[in-house]
Amino acid sequence: MTDRTTQPDDTSGLPLDGIRVLDLGMFWAGPFAGKWLADGGAQVIKIESGSHPDNLRILARGVYPNGEPGERSWNRSGMINERNRNKLGITIEMGTTEGREIFRRLVAISDVVIENFSNRVMKKWELDYDHLSKINPEIILASVYSQGSTGPESGYVSFGGTLEQLAGITYITGYANEMPGVLTVQLPDPAGGAMATGLILSALRQRRLTGKGLHIDLSQRENVVGLLGAQVLDFGMNERITERIGNRDPHMAPHGCYRCSGEDAWVTLAISSDDEWAALAHLIGQESLIHDDRFATVGARHRNHDELDSIISDWTKDRGKIDTMHQLQDAGIAAGAVYTAADLYADPHLEARSFWEATDEPDAGPHRFPGRPGQLSKTPLGTRLPTPTLGQHNEYVFRELLGMTDDEYAALETSGLITTEPTEAAQKGRL
Amino acid sequence: MSGPLDGLTIVEGGHGIPAAYCTQIMGVLGANVIKIEPPEGDETRRLGPFPNDAPDRESSALFLYLNRNKRSVTLDLDTPSGQDLFRSIVKRADAVVENFAPGYCDERNISYAALSDEHDSLVMSSITPFGQNGPYRDWHATEMTLFAIGGLMNIVGDINREPLKFGGSPALHVAGINSFTATMLAMHLAETAGIGQHVDVSVLEGLGASHFQDLVDYEYHRTVIRRGDMRTPIPTSDGFISFQVQAHVYNDFRRLILGPDAADDDRDAASAIQAQQSGEMDLEILTWSLEKTKLEAYRLGQEAHVPAAYLADMSDIMASPQLQAREFFVEIEHPKAGTLTYPGFPAKLTGSDCRFEPAPLLGQHTHEVISEFTDLSAAEIGELQAAGVL
Amino acid sequence: MKNKEQPPLSGIRVLDIGREIAGPFCARLLARLGADVIKIEAPGRGDPIRGRGPFQPSAAKGESGPMHLYLNEGKRGITIDLASVSGRELFLKLVEKSHVVIENFEPRVMDKLNLAGEVLRERQASIIVTSISNFGNTGPYRDYQASELTMFSMGGHLYRSGQLGRPPIRMGGAPAEFLAALSAAYGTMLAIRSAEESGIGQNVDFSILESQVTSHAQAMVEVSYYGTEVAAGNPRGETLRGVDTKDGMAMVSAQEQQMARLAALIGAPEELGRPNPLDPGSSKQALDEYLSRWAADRTKREVYEAGQGVHVPASFAANAADLIESPQYQHRGFLQEIDHPEAGTVTVPGLPFQWENAWAPTRPAPCLGEHNIEVYSSLLDISREELTQLSGAGVI
Amino acid sequence: MANRLPLEGIRILDMGQFWAAPNAGRAWADAGAEVIKVESCRRPDPLRIQARKIYPDNDPGGEHGDHWNRSGMVNERNRSKLSLALDLSHPKGRDLFIELAKQSDAVSQNYSLGVMDRLGIGWDVLHKANPKLVMVSIMSQGLTGPESSYVSYGQNLEQLGGISYTSGYPDDEKSSVGFALPDPIGGATAAFALIAALRHREETGEGLHIDLSQREAATLIIGDAIVEYSLTGQVPPRIGNHEPGSNPSECYPCEGEDEWIAISISNDAEWLRLCEAMERVNLGSDNRFATIVGRMRNRDAVDELIGEWTARFEKMELFKLLQSHHITAGAITNPRELFQDPHLRERGFWEQVEDYSCGTQEYYGRPMHLSENPYGTRTPTPKLGQHNYEILGGLLSLSNSEIDQLTNEGVIGTEPILTAEGGMARRAS
């Protein structure tokens, strides 16, 4: 259905070649799904507006090359550039009837719409599934809600961090027998984005079977609770509330994170069997401990875990974390140095796997960003296009895809329905 | 139709969480999942918790959750007889999802190359900690070590103490979601163009692609982000809450705590928030929070459009009005473990329903599946059982 | 003094680490007499005999095979990985609370596990280790591999079986292993008796091959006295002198002094009942012809009853159905019904002898690891938390 | 203490005849029990004087002409016992027996049903005389039940116990061969049943009567068939030489006339090792044979290619060759070969016994060694009535003249009175 003659990139042969996606996603979860589909060869059109650009373009404390916002800072924000590759970028003032009319025209020629607004927004715009399916009965609307479209808390706003708390991860994360902490890695967003992508692909299959589009009502909170199935069942089985146990493990011992030489340098290791324990004892030159009653058996190692920790720390504390990781792995022991971003970028394994992908944003310059968890043998996925600048592909989308005339297009620009710059008000947020 | 993946037959192999969670999702969505277990069973059958803490290979909470909706076939893949049966089953399946160690399948002549030989549109997803190649290919890994190498552990915990893993095994579960997505991507091409392929999923790379900010900080201006001083949440009468205050809601937040007639803060949002986070309003916040339950405080915050959250433990999760209103939890009856409450599915798709059948007993469907997928007679199946292959 | 309601071996605890047939059956005999037998299996896979069907199509793996249900009835079941340090320690703790260990691994295995009798007796001086092996724990064939077929082949019986031009044919069931188990149970009882007197345990080294050699009626002494067995030359082709009946095979083994009664029974001429001393063969043959005609329109049981009615040793080839319906077995209560959680109600043979309260009330064969909690918590009082740790590490 | 034999101090009156019961008696005697073989001159153990007699070099006479003491079947299985030849049909004989029973721990017998009672030494009598006495009756079909009076030989019991039905070629019900195993099975069962009963008696102080059925003992061998039938309602089929799970498992021809070797391949790896042994490695990857299903479906081809290979070897050479490749195999050996077998020789399985009337002979030993109780043949099989004086004088403290008197009255003796042989065949062998 897509006119390829002037399409900015070539997706032929890729799995999703020919699928068009309208990506209204903001922040992370929504755009993450859009990126997945774009990687897969879909034509993903990221839709923002001057008044409401993706917030990651205008964060209060954004990340810019060499820390300099520079001109057009909204195109230089690392957070936006890291997660919108392979997309086309356009702007539409969705707040206006005219803007939404244009959007409807795009819906008519698209397969998928992704949004992660709070559940009020699309209704307010009369762009919820009922309305969209009237425009295009085969449309698939993927709503990446924080808590789903229904229920008393469905309107509540959230971020990855708050979802971790609401879904129970934060409560079970922390130092044993101490107060909890507000600890986050924002895992819910990539998890929700990936789940949404899989569901969109499943929905495409359902559409192939039924000829009908559908609405995906995804709750990120539920998606995260789903990562804790065993803990949920444990509550029902044993009326037990999972508590914080630091870096310990219910089954493996020793199992922990040990200080190495250097600033804030650490290595983790996990022992799952008597044989691995023997291997560790050999490695740290303490063969005598192998049959020591305190450590010889599984139960004993759990009971005397504190003693073990100090013995292991004594060994690790004067060693480099990376060398230690290699030594442990060479001995057949599961171990991992606590990597910083710098360590990740320097890691030879990821290098050998060509995990990092080069992009060259018009306003931010060449950089390397992470690839993806899955690689396909016959249709390798990669970075074809850098993250678009705000409204970068307005012309292609409105002229080529919607077939607007020069006058119509000029009218759009002058009316301010489309733009390549955030409004003053929008930029104020960054101050 | 019951689910979007109706009619898909998925063969699952290997041990542990990622592959099992991936196919668990597919099973809920309607796929016919055949779990190939070694005669001694999937390792997760050994992992607690168990009902009444009584270890039993049929009632591991982790196993019950990861493997619902599946059929279990026991097969000794170390024998040519077992490998031959595996190939016959795959011949009639659409996809294989496995997390055997790298090289395992090649040694047994059930690699993608071997399997796709007679099956062009076969999709095979291989999930491993570090991927199918590269120097760490054969390294051992656990949730914690991957969380560490993945660069996430570095930002969890207190800067003056050891970094922390997340509780439970979320990273390995997310790897399962990533595998689901990658597999579906390949399935799309297989079903529309008849082209199958091998999908190489790396748990580590999934984590590497899941950083919010610190990678960019390093790439853009070589700043290494570490965990800071651990912020403790705000205590309430019965637990903890926290606010994630941003510029555009900062004054709403002031009014929430200080009262409706509190004046706007005239500082710029950024520095105001910084001040607040470094404890400027702590006393006022405590006075406000301590006389509320965590749920009340959470609601009041949200109604004031301030992103608020409470630290939910498992009892809070099960009692959550929101999750209950969504009918998120489902009850499943299992012959050995009894009727238990499980997480349902995080999404509702119009026009299809989710499926929730109990996890299989070890080898429960060996006879059924072997007769369905091969031409073996009952006597031949009996011989294979006696020989320990099935 | 113990009251006589208690079975004879009450108070004796047996650790059965046997697999397949011989070891487990030996332990089962002791269980039937009231010993507390704990069957110890490898985690996950369990005793390979569990794989022997037939199974109902949707049966849980390894729980409802007839041979398993038969051999392991009356025992409690737990799992231990004996090859792991933690598992070995668990086992040794159990040894401290037990009297007998029964094993039928290949001879080198117990040494490799560092669980030889001498080692066990460091923890429990009175422990008895009964080892049932194919060729015994010494000698050139010590480490040779064997199965029921190959053991029976070497036992000196098979050479005269079957028909010329066809391979020799073994005896049904698993006679070599079952006979060995019965004799090993005797050896074990002797050692128990000795240990109860002296407090000192010992090793019982049992050889299946040797038990086969001691199972000959006369061949061995013939060889010893004559230098050859009488049946030497080519004995094959001689099969049971069976007669066909309406519903199977029967046999009438009349001796000379019984011929007359047999002749009368089957309506043969009287003179056939008085074999001609010069040519006994001919009259025997003639008698056999009458016999087959007589038997042809009778059922196997009728032939059996009629023959026995005139005190002639008659019998019929009973199959499993005949045995379950046998009035004799029913009268003696030799076969009993047991309810098994997976298999339902099954009929299992008891012991071939009885006296008042000889038999312990039995229990069905255990599911894999069924009694882990019971045994580990109550006997070794290990916490459930630690059990979960052990389970996670694959030790139990 | 430990090297004190397990059954030392136990006295057993062994009235066993023929095979099964005397075997049990020998087992007890070897283990230290004082086992008195009670026969009578009128009714000695039939094997002394009756069918299937085997004499050294086939010569009944020997130097003393006491052929009844030269019967191999008796001498093989009555070692380590004492012999008392006592006429139980004589009132004095019966009374003496009862007196002995008072001083004994156990009585073992395998007469036909009712004989002991007719002799006036049934369980009730003996139990009254000695409440602590344990008696074991080794019967064809037990002491009770509608068929308990039926007569049978080992082969009949093989049939009635269900063994014959499962034996033989799958395609030929009549092909099953009698091995008369119910006798050794019955003997072994009796041996361990008595020790269990003795323990029970010592703990409860009460004697008891063991009612043993050889038919039931035979059924133990096929007990799984009973369980299977109760589960499936199907009578398990005859499977010949096949072993469940092993493909192939069969006897294959070897060099020489009617020589065979049994091979049982229990998994694919073992099949590969066989292919190596046969120097046909290419077969390992041959899809017809590489898997269990393949070998089942090409059974004839498998048997053919193995058979033509094995036929080139002498069976014992092949046995060792296969075992060196860790392949489960066993040569079909005959008693002569077993008698010479180096393994049994090295294990000291054969015992040289200086018999009273047969010179030095070799007999099989026992299938087990007890590390702390090295036990075995203590004395040769006694001559008929050899210990009359010792026993009556020692245990019943009769004077020599009293014993002479009994001899003259024919109550005891040392020579069979070759009359009453009738009815022997009716006894359970």
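In order of appearance the chains are A, B, C and D, and numbering begins at 1 in each one.
Just so we're on the same page, a contact is a pair of C-beta atoms (placed from the backbone, for glycine too) under 8 Å apart; a residue touches a chain by one contact, two chains touch by 3 or more.
This structure is a prediction, so every number in the text was calculated from the model and none was measured.
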Between the pairs B-D and A-B, the one where more C-beta pairs touch: A-B
Most widely separated chain from chain C, with each centre as the mean of CA atoms: A
Whole-Å gap between the CA centroids of chain B and chain D: 65
Distance from chain D to chain A - Cα centre to Cα centre, in angstrom: 77
Inter-centroid spacing, chain B versus chain A (mean Cα positions, whole Å): 14
Chain centre separation in whole Å, for chain C relative to chain B (CA means): 51
Where chain B touches two or more other chains, by residue: 47-50, 52-53, 382, 385-388
In chain D, residues with contacts to at least two other chains: 244-246, 266
Shared-contact residues (touching 2 or more other chains) in chain C: 51-54, 385, 388, 390-392, 394
Chains touching one another, given as label pairs in label order: A-B, A-C, B-C, B-D, C-D
Residues on chain B engaged by chain C in the complex (per definition of touch): 38-41, 43, 46-50, 52-58, 74, 361-368, 371, 378, 382, 385-388, 390
Complex interface listing, chain D residues touching chain B: 244-247, 266-269, 290-293, 296
Interfacial residue positions of chain C with respect to chain A in the complex: 84-86, 89, 382, 385-386, 388-395
Chain B - residues contacting chain D, complex: 79-81, 84, 376, 380, 382-389
Touching residues on chain C, where the partner in the complex is chain B: 42-45, 48, 51-55, 57-62, 368-369, 372-373, 384-385, 387-388, 390-392, 394, 396
